[in-house]
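Report on the structure given below.
Going in written order, the chains are labelled A, B, C, D and E, and every chain counts its residues from 1.
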Amino acid sequence: MLIARIIGDVVATHKAPSHHGRKILVVQPLDLDGSDRGGAVLALDSVDAGIGDRVLLVTEGFSAMTAVGRPDSPIDMAVIGVIDAVHLDD
Amino acid sequence: MLIARIIGDVVATHKAPSHHGRKILVVQPLDLDGSDRGGAVLALDSVDAGIGDRVLLVTEGFSAMTAVGRPDSPIDMAVIGVIDAVHLDD
Amino acid sequence: MLIARIIGDVVATHKAPSHHGRKILVVQPLDLDGSDRGGAVLALDSVDAGIGDRVLLVTEGFSAMTAVGRPDSPIDMAVIGVIDAVHLDD
Amino acid sequence: MLIARIIGDVVATHKAPSHHGRKILVVQPLDLDGSDRGGAVLALDSVDAGIGDRVLLVTEGFSAMTAVGRPDSPIDMAVIGVIDAVHLDD
Amino acid sequence: MLIARIIGDVVATHKAPSHHGRKILVVQPLDLDGSDRGGAVLALDSVDAGIGDRVLLVTEGFSAMTAVGRPDSPIDMAVIGVIDAVHLDD
């Protein structure tokens, strides 16, 4: 998993049936210092996360499909949790 | 998933039986600002997308196979939706 | 698998049910000389590893789910062993 | 999938039983302009492709295993078609 | 698959049960000219390969698990063959 921040969402009226009723989020993966980690990606929401939330991003298809309870869906990334705190050893 | 634009297609007469009747699209992944994100890739179409369309690209095999309804096919990328709009928080 | 060091953990109260009772570790992948290898990632613990431990990191979803005994969970990385020694041929 | 060119093959007498009778090809992934795209990789042949052929390369394990009809084999890349033409929109 | 050379092994007494009795090899992926290709990784052995051997490296979980005959194990890379020769077209 990666730490990521939700920065937007995508509207796609013509799409796979499995995505109906699911929000497609634009998420920006982050490094531990909060800076951007590569480009933004699209992920399905499974925890009703909102813009600005720092979240747990699963980046593999089989994992992501399971996360949203649709194992036969074309899903390869999902938001599966909202992060409260990151503790680092100093 | 990634945002991508369809820029062409591929003709391959001698190929796996699972690909018969399916269009193989040349798709260019995009960053949020619309610039190219790495090189173009090949993906199977599942939503009858056309040249120039901005689409949802699934980039994992198991997900992609499901997207085109052929779970036992050698498919690792698929176009699964046409994007109407991308909303970013400012 | 990669060699990695545990450098922290993440608290996420609102998350997928499969993650309840499992520690989410912040792990830093390492090169053979002990230097950082890319950015840190988040992985579920399966061997009760602690801060500072040098561990075996599995980086694929299906493998990781199996590692923690939850094959239907949205897990894409897991810590599956604690490294005692690395022997290199000179 | 990626576009790739076959540039050689590998001999390995001591290998997994699943690979017996299958040619292991050395394939060079290509960009759309025909230039090299990263380093060459090894893939199993499923369409009787030959040296110099421009081919469809599947780069994921589950997809690749299916391509060669051996779902329980340790295969992560396969050649699944021979490309006749690539059409790009100008 | 990638071409790789075995350069060492790892000792981990506290690890997933699936790894008991299996050697964890340190393998260095190679380019066609024999130079290093990225950093070294850890892979389970399935062909009794030894230090210095040039081998076939499978880099995907599902493939790797199958290679070592343990489909329910947390394995994401495996050595599945010893390379005798690489033939390149000139």
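Of note:
One rule holds in what follows: a residue touches a chain if its C-beta (ideal position, glycine included) is under 8 Å from a C-beta of that chain, and two chains touch if they have at least 3 such contacts.
Because the structure is a prediction, the values reported are computed rather than measured.
Any chain that touches chain C and also touches chain E would be listed here, but there is none. Inter-chain centre distance (chain A to chain E, centres taken as mean C-alpha positions): 32 Å.
Distance between chain centres (mean CA atoms), chain D to chain E: 20 Å. Chain B has residues 60-62, 64 in contact with two or more other chains. Ring order of the chains (start at chain C, first neighbour chain E): C, E, D, B, A. Only residues 7-16, 19, 24, 26, 39-43, 51-52, 60-62, 64-65, 72-77 of chain A touch chain B when the two sit together in their complex. Of all residues in chain A, those touching chain C in their complex are 1-3, 31-32, 37, 46-47, 56, 58-64, 66-67, 78, 80-89.
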